[in-house]
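In what follows, chain A forms one complex with chain B and a second complex with chain C.
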Partner chain A sequence: MNTQVSERAGFRSGLIAFLNSSLVAAVLILLVIAFSLAAPAFMSTNNVQTLLASVAVIAVLSVGQTFVIITAGIDLSQGAVVGLTGVMGAGAMGLAPGSGGIVLGIVVALITGTAVGLLNGVLTAYTRVPAFIVTLGTLSIMGGAALLVTGGEPIYMLPAAVNSFGTNSVGVFPNIILVSIVLAVMGHVLLGRTRFGRSVYAIGSNPRAAALSGLPVRRNIVTVFTLSGFLSAVGGLLLTSYVNSALPTAGQNYELDSIAAVVIGGGSLFGGQGTVWSSMLGVLLIGVLNNGTDLVGVSSYSQTIILGCVVIGAVFVDSFRKRVAV
Partner chain B sequence: MSGDKNDKSKSKIGSQAFCRAGVGLGIVAAAALSGAAAQAGPQKTIEFIPSSNATPYFLREYAGVKAEAKKFGYKTAFQAPSVSVHVGKQIGMVYTAITRKVDGIILVPYSPTALLPPVKKAMAAGIPVVATDSTLTPMDAVTFTAVPNKKAAGAVANYAAKMVDGKGEYAIIDYNLSTTSGRARRDGFKEAMAKYPGMKFAGLRISHSIPQTALNEATAMLESNPKINVIFGANDRSALGVAEAVKRLHLKNKVVVVGFDADLGEINYIKSGYIKASVLQSPVTMGKTAVDVLHDIFTGKTKTPAKYLPLPFHVVTSKNYNDPKSIDAIQQYIADYKG
Partner chain C sequence: MIGVRDLSVRFGPINALDSVGIDIRPGTIHALAGENGSGKSTLLKVLGGAQAPSAGTVVLDGQPVSFPDPARAAAAGVGLIFQELSLFPHLSGYSNIFIGHEPSRLGFLQFKQLNRQADKLVEEMGLPRPDLRLPVSELSVAEQQVVEILKCLCRQPKIILFDEPTASLTQREIKPVLSIMKRLRDQGYTVVFVSHYLEEVFEVADRITVLRDGKVTLDDDMAHIYREKILSAMLGRALDEFYPSRRAGPLAEPCLELENAHADGIEPLSLKVRKGEILGVAGAVGSGSRAFGEMLGGLRPMRGGAMRLEGRAAAFRNPARALQAGVAYVPEDRRVDALLLDLSIATNMSLPLVAAPKSRLVGAGGFLRLGQERMLVDEAVQHSNVKPSNPRLPARALSGGNQQKVVLGRWFLHDRPCLVLNNPTKGVDVGSKAEIYRQIADLADSGHTIILISNYNPELIGTADRIIAFREGRLVATFEKGEATEDALLATTMGGDGSASGAQEMP
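Take a look at the complex of A and B:
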């Protein structure tokens, strides 16, 4: 009797602690319940697949964006890198037949994205140009490069295996979200469980203190941006396989979604705060809101308004919560 | 004491969580009300999913869809990516329409291959799909209704070439090279121009249906290459920017601007002679035709509709814009246009 009661109390206080620590998770769960009631098809296998596939690219980008934002940086070039690596990868796939071409395409895309990330990192860490400006510049450069490489034309002739990867699922999980999940788990471990991860937080909280305590601040900033570039290239490949074509402009504005996801998850643009796990909750919240409002018949016009309110609301509540806690 | 404080702040935080959730629930509840109405009764629903909401053309097409659907007692819905290049979003919208079990889909596919898997899935689920304006690859995947884009662009190319006596250089400002219509208009214009040995191709730029981009691109081309005497703006947004560029550079009498489609801004440019000619489609008829195809399928009148239903086009010029035929054509774009 007694133990049962205390167990239940334990569960309740555990739940309360969970809700307190993650308001986003709470809102997410409530939204899922509400949408399931409003639109029974919401929880159908088909719809869960649609929802997860629609957030796969943003999820991968958000992993990289989380690292960058925790160092008090920002990566605005992600969307342009998605477009550029997509067309570079798809173009390279046509150079060799069969699986050799696919491997070549993947390698070319990943090298391109990593190189752009490295450039962002080096410029941010070793010049006095802020990350915002550096990546705004590379956003423009890479967007132009993608159009230049293709002459503005999409690349359609992709190996059949590429699209079948992008459209198929394992159970309710589309292949492309599985890639995102694996990368998110790796990112979470890297950020939360390693010395490198701890130094990322330290740099974001106080770069001078981090440097004085002997952390390789510049090198770590380069690493963080390189990681974001690499992950953007993965995003470019996932998007290409999902849409069965590579469009030079396909990634436009994706960086805004990834920044929104990190911020909704509690990441601070001033650095030092955020986790990959909570950014993923932000990604899911955006996805659930878009898909759910779609299902119950809210127009796409209103959806962007709702998303904007959620972004501002999330940061407002978060800052309010912190003030109360202090 | 300190424990007490902690508890207080905790409960405060908890209540905030619920406040915030309450806002979310409010949105959902409001949405659910409108959604519930859509699902009630056997009334059929047709969803229109154009490639973007940045082009007024598709809003006029939706007006046609709505008018014809009302005639048959169908409900309609409109979903469009707010950024035209978000083909991933358009794919998601088609999948969501399938999940919502709409009865028919009218689509303007942004990419001929990207939209193929979701369209196939819709048709496998018994939801007929009609492509309008642009289509899919392979072309026979769905019923497609549009103007013959290639031929129409060729007609306006001929008009422009004759105005400059077949001598000079021409440039194209296209809205994208992803949709089949964007590619067909470029090809049609170039093929017609190829018949004039004195006309040289000076280049193509993409506006993404943003007039400001079309203006910048056209300005840059005209300034760097003074030999250009013909520019083709391949849709309403593109032609508008091109005409603006020609106006600002005071090249009205030197450069022949021809376009595709029309809105109020373009009509004024046609009247004032900055745009010499424009191909007018019939967006309202396009929407109505697509609904008619779906209606025939719903009522069992036809099981396999024709694969291609061509629509008429009309070339409006700075000379004939007051003809009854031109006024009729313009009314497809501007409902209350009187001439």
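Take a look at the complex of A and C:
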């Protein structure tokens, strides 16, 4: 093997890397162009704001889901945690007046979500129960808990500041998507540039090799699930502030969208593959599809069919692409 | 007769095979040799329908044929046994043998008939008898190999392709496999096999083809062949030094001291290993040689006794602790235990260093020093002579021997005073073996302690300063430098007479 060949291989893998993330990006751009032609309202400030606000929660969840899926795990409890932390936070906000109540609500929600994530992580890492089952269980448990706490009733009486945060924008960017963007950038850096991020890839790729290289495998798995729980709580708070109420079932099926986003972006359920950036492209793709098909008058029933086809299609196309290794 | 004409296989920029033409005569044993990555497995895969050629044809009995998948090749009488065992660990031996082509009546499997058929094959071939009712994960590697052979045979092939059938076997287990190959030939089968051990080639082959960089560099009857001829065809140069000479001997200070240390599978033993010493560890599968290594590496908890590393008391709860204290364990099965197959060579090589506390690759806040990592990895790839040398390629794209160089290169980056190497040259070609021995000797010369566990006694004799031998969990003999001979080692590890005391010893 002479150096010329390996340089060419380097160039090629660079090219492949570019195509890899930009294939989803290219589809995204095509969709945006198609929808703006089909429905002029698509590019209006108003609609862009709506679109961005509608993906803010999924975006935050997908950051956590990306970490979990790269370790070859899965977090099915995210939607239930969104519902539970939403009602816990909203309930706690009513306990004290003014900004004190808001802070209390945020803290309660974040602690609740983090605790559920910790539970998921500990069960997955230290028992032989697989993540799918553990989080399927906590999905059910936390969904039930949210209904129990509220008696099944929505919570409406929220401090005014909460809703004004949730509905205001900076330019075309709603406040809540700004939170998602900040968290996604932090997640991307954490995954790509830190020892913890590297450990996540190594553990997902081969946990035995990771352990023999001196990585604390179990501790990292716990951290990853805890992170996902924490981010789900952030998602719960964002959703609450956006809709100005907390419904125990508000987050139902959100985990399916976050998993779909990660997978569309190229994450592998077998672990070791994916980036936060490409998951965010997946989130946008889902958002644009839903919003655009809405505008051109496709029924919401058909929308879920389209999304299903996109997920399967994305993984199918992906299986033909050469991957570039981390 | 099977053969290939002008066969080329390209993987991106890599020419795995480059206009190869070979004829394999019926009823012979044909050996394939060559360095790691020279294209041996690729050639077998093309013959067996597991890899499509980029150009050229496969010729069977004078007719050009193409096998789009292994099933089609099997139907034409070509059976391929892969380099990596490809059994289903949870299924029984019987189920594995018949998987995919179970004889059935009205869709119901005919279990009795199946099992009789397999038993008949075992008898006819005079194969050693593994318990085919057990899940294959409970069989030893050698027994799994027999299951693979049965699986291939019951598809009634005329031509059998073996990719490194002996690579993971101990010397005692190799003999039966070689005699199976001879018996197959004598019954009229055509056998093609890949091996990195020239002794085996000389023992059984009728003809040999040597590949280098995807081209045929030697193709001749064994009658005209001698060792140096094969080596120079493989390497493109003469091999001046196989086992390295040492620049320094072991130092006086001890690195590792054991006192009545024991663990599951090893009886209490006391031992001192000095700095700069290469300690060879011999023993059959299940003899305790591997368990000994795992105990040192923190994979197998010590049940009693004391261990000291560089004078400090040590008892490792897990590999991370062992690494911190200074012992690195390099496992035998690189694909299962050591490599991150889908991640890059760079990530693979730097992993232990990245994982280490106070690592020089990790800055404040856990941030990686990516520039420095790139520099160090480039250096390590050069030093370990990994080919292809592009550190961004996934480890999966490397040939077996080069994967092993990546695994060993880790400990060039993350320097640990004591290395436990479990069969580090398994599946590695002659030239790379020499390189690995050189690296081991250099490490020892610079004061490292090396525990070299090996199934291959000649390499222990060639490289170790001292050899200990295990049998049935006990340390049964110690040979100082120059004392050990192959016969003595074989006799000690097998229990006296060196014959078939076999099967009971396995766990």
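Everything that follows uses one rule, which is that the second predicted complex is superposed on the first by the 300 of 326 C-alpha atoms of A that agree within 3 Å, B and C clash if a C-alpha of one lies under 4 Å from a C-alpha of the other, contacts with A are read in each partner's own complex, and residues count from 1 in each chain.
Here is the rule we go by: a residue touches a chain if its C-beta (ideal position, glycine included) is under 8 Å from a C-beta of that chain, and two chains touch if they have at least 3 such contacts.
These numbers were taken from a predicted model, which means no experiment stands behind them.
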{"item": "Which superposed partner A:Ala211 touches (first chain B, second chain C, both, neither)", "value": "second"}
{"item": "Touching partner for A:Ile141 - first (chain B), second (chain C), both, neither", "value": "neither"}
{"item": "Chain B versus chain C as contact partner of A:Leu104, first or second or both or neither", "value": "neither"}
{"item": "Touched partner set for A:Ala41, first chain B, second chain C, both or neither", "value": "first"}
{"item": "Touching partner for A:Gln273 - first (chain B), second (chain C), both, neither", "value": "second"}
{"item": "Partner chain in contact with A:Val296 - chain B first, chain C second, else both or neither", "value": "first"}
{"item": "Contact breadth on chain A, by residue count: chain C or chain B", "value": "B"}
{"item": "Which of chain B and chain C A:Asn163 touches, first, second, both or neither", "value": "first"}
{"item": "Partner chain in contact with A:Ala115 - chain B first, chain C second, else both or neither", "value": "neither"}
{"item": "Where chain A meets both chain C and chain B, residue numbers", "value": "324-325"}
{"item": "Complex contact set, residues of chain B against chain A", "value": "9-10, 12-14, 16-17, 20-21, 23-25, 27-29, 31-32, 34-36, 38, 53, 77-83, 85-89, 91-93, 95-96, 98-101, 111-114, 116-117, 137, 174, 176-178, 204, 206, 208"}
{"item": "Residues on chain A engaged by chain B in the complex (per definition of touch)", "value": "16, 19-20, 23, 26-27, 30-31, 34-35, 37-39, 41, 44, 46-47, 50, 53-54, 57, 147, 151-154, 156, 163, 167, 239, 242-245, 247, 249-250, 252-253, 290-301, 304, 306, 313, 317, 320-321, 324-325"}
{"item": "In the complex with chain C, residue positions of chain A that touch it", "value": "1, 3, 5-10, 12-13, 193-196, 198-199, 201-202, 205-206, 208-216, 272-273, 322-326"}
{"item": "For the chain C and chain A complex, residues of the former touching the latter", "value": "12-14, 297, 299, 318-320, 323-324, 329, 331, 336-345, 347, 351-352, 354-356, 359, 362, 365-368, 370, 387-390, 392-395, 410"}
